[in-house]
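Two complexes follow with chain A in common, the first pairing it with chain B and the second with chain C.
And now, the complex of A and B:
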């Protein structure tokens, strides 16, 4: 199957001479959820900013759908790749949630009915019926974030990029993000997540790309990446607590990485008669 | 944080900000005392060694380009159209004639801009904003005023950074920033509305942060960066004073017999600005062209 986003040997050098990403190769297929991990300054954001053309590769090539990002306008690419910024305050400016949702579609010069249907779809997806006339700045931060996401989704891009969606969110907000990502996937979108939230990745149990010092050092399923001690240490990452805990239990199924509490409980139920043996780490 | 300050190790950098502020005042005064294009040109050239000494030649040349735009405009437009001119110097196509008096007027104006600009750039590039604030406080400027000045310096790069993010964020919402002129004017709203809100939020936060660190406490304050006037400053000040005296002497007693300004000087300085301006345009066009090929945004 042809990948939807294809990154080929891409490097990006900022005008100040800093090389933010070096020789990256990455294919993202339809229906995938990809988490991009790495410490601050490792090049995660630079990489994803290439997807909607905010940055153009200084070397290499990126194709989104059939479009070469070098040759297309950001406004056109943005209809395929929605980018939700970390701080919703950078995006929202209209006096009501409804206008905010319609803004992207209006920029694409859609017809009134078309805008109406798309906005309605976003309202249904995000359950925003009661907040349509609120001013986005009167909402709390997680609601505002949701409005920002909904306003991107209203354009119904194929790919949705979430830049640190759980940062600064309370537990409820984080759970909602998880729910939304799963929903996007069900709706047939590709989701690209930049995050430091290992718990979120554990729950999503998705493909994980690890960046370190401008380079891609791992690209595999979360369970594989999280169990690779070398890579985790190199990138300065720590797997979710439950995975660390599971790694200490020596008589656990060695072949499997446990990413969620539920998976451990399941194992415990299945191995009731055995004692849990805690070792010094595997 | 401080976009214009260039941390370098030089004599000019080690001068007290107060000396440098007096230097700017001195240059402004001189540019008015030396009311003659030739003398101003000499003065402008004389300032350049200071720029070299401060080791900021390249950034200086970059920032002075904008002032050169003014100079080109003033010298060309005034030289041709200013009604005070009567004596023709030379004619370009279409009967447009540069006249002596108007060229003198235009040259004085544009050299003055360049001279004052040079001093200002030199001051800003070699003085850490915090040093300037603490120097002002030593001059009995109220602490809060000094801080207002300081925070203005510091907030500009912050706003610039935020503006870039806002623009990217709006582009991510399918806003076409490269549309027609009307479209671009319309785009100002989605650009500036979030920018204003964010800036106000930041300023509001800043006021809290300041209060948490006892900003409004009464009484004397000390500064982390202390400035002191030393022998170097005195030498510099003395030099300036001597120069000022010389200028006044020149102005009062020598102006009658001194005729440095000639047609040739005026014409050459006009051509000089044109040539430099031409280079700037060529550089700009080449950059645009490269941008198109390289696909940089």
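And now, the complex of A and C:
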């Protein structure tokens, strides 16, 4: 199958001379959820800003659908790729939450009726009823981020790019983001997600790309990446605490990487292994 | 008896445009050399409480305040915010709002300049602070040409360089990679070894449990718990009632006990959890 997003030998050099990504190759197919991990400054945000044309490669090429991002206008690309900024201050907002939620749909010339339904769905999911008349700039950054996610949800573009969606979110907010990603996936979207939140990756257990010093150094299933000590160390990553815990216990299935609390409990129930021994190694 | 580092008595605070107070009869104190973690859902009042400790609320951000806040024995309301900043360093929740200068070294120098630190000393402190946050080599770059996490690191460096005796950090690690998060907590621990005091607000409870002496749980403006970390996080029922989560290992041990009718002692750090589990389940 043809990939929907295809990144070919892409590098990007900012005007100040910093090369932020180097020779990246990456194919993303229909229906995939892809997480991008890596240390601060490794090039994650720079990479995804290429998907909707906010940045153009200084070397190499990117195709999204059938469009070459170098040749398309941002407005055309953004009907296919929605991007929620890492820093919601960098996103321009309209004067009220209500207007903001409808903005993307209006731009795409949807019917009033269609817009109404889509916006209502976003309002319900993010529980924004009471905030519709608020000015987004009076909200704190995690709330602004929710508004940004809600407005992209209303547009419902093929590709949804979330740059650190759980930053500043409390436990409930993090669970909501997780549900949202799962919902996008069920509805057939491609989701690209940048995060430092290892719990989130543990829960999603999705394809995981690791960036390090401007280069892609891994691209595999989260459970494989999290058990690769070399990669984890090189990229300054740490698996979720529960994975570290599971690694120190024998009698669990040694071939398995446990990424969530529930997965261990379930395994124990299935295998009647409640009296588990603790390993001497690792 | 020596004065407490921070002492808050019967603190109630309302913003001008709200009917209900956002902080309600808050009481707590911490000693010199202690690290306090503040947790709670978004909107609970954590940032507001932190800003009461350095006098920003209500001196700069207005509202109606009752009760007293004392730092090193003196009432905060009786000294100016500028005077307070000699003792109390504050890292804001949104790093970008804290950044104002053309280059990274000027950014770090800025706060020190206000304190009247001599030139030569400044040089040393800049080098030192940038090293602590992993930004050595970035001195001449513009703060705007940094990644989100690098900006957050810079905001921390600027406060570290002022060498305050009390450090308040409002969600300072939200955009940091796992290694960076550890480094911030290590910085706090180092300060503690010098008898300095710290307050850190964070949603990621694993590190709070591992590093903080005490934890204060704020919920809808009220203190729901204020106790040693261990005591707070092993009260899982209460944590869940407050929509919060405990560290993953604590959640696991609790689920395990429940699922298999066991009584493994709950612990809140990785090492202890492994030990406890081992001692019971062999």
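Convention: the second predicted complex is superposed on the first by the 227 of 282 C-alpha atoms of A that agree within 3 Å, B and C clash if a C-alpha of one lies under 4 Å from a C-alpha of the other, contacts with A are read in each partner's own complex, and residues count from 1 in each chain.
Criterion: a contact is a pair of C-beta atoms (placed from the backbone, for glycine too) under 8 Å apart; a residue touches a chain by one contact, two chains touch by 3 or more.
Because the structure is predicted, anything quoted here is derived from the model rather than measured.
Of the two partner chains, chain B is the only one that A:70 touches; chain C does not reach it. When the two complexes are overlaid on their common chain A, residue A:170 makes contact with chain C while staying clear of chain B. Applying the stated contact rule after C-alpha superposition, one finds that A:38 touches chain C and leaves chain B untouched. Touch counts on chain A: comparing chain C and chain B, the chain ahead is C. With both structures placed on the common chain, the touch criterion links A:136 to neither chain B nor chain C. Once the two complexes are overlaid on the shared chain, A:89 sits against chain B and chain C alike.
Within chain A, the residues touched by chain B in the first complex and by chain C in the second are 87, 89.
Here chain A touches chain B in the complex through residues 49, 52, 54-56, 58, 70-71, 73-75, 78-79, 82-85, 87, 89-93, 103-104, 107-108, 137, 151-152, 155, going by the rule given at the top. Chain contact summary for the complex, chain C toward chain A: residues 40-42, 93-94, 96, 134, 141-142, 145-150, 152-153, 171, 174-182, 203, 206, 243-245, 247-249, 251-252, 255-256, 259-260, 262, 270, 273-274, 277-278, 281-282. Across the complex, chain C is touched by residues 14, 16, 18, 38-41, 45, 86-87, 89, 140-143, 164, 167-174, 196, 198-199, 236-238, 240-242, 244-245, 248-249, 261-262, 264-265, 268-269, 274-278 of chain A.
Chain B meets chain A in the complex at residues 162, 165-166, 168-178, 189-190, 193-194, 197-198, 201, 294-297.
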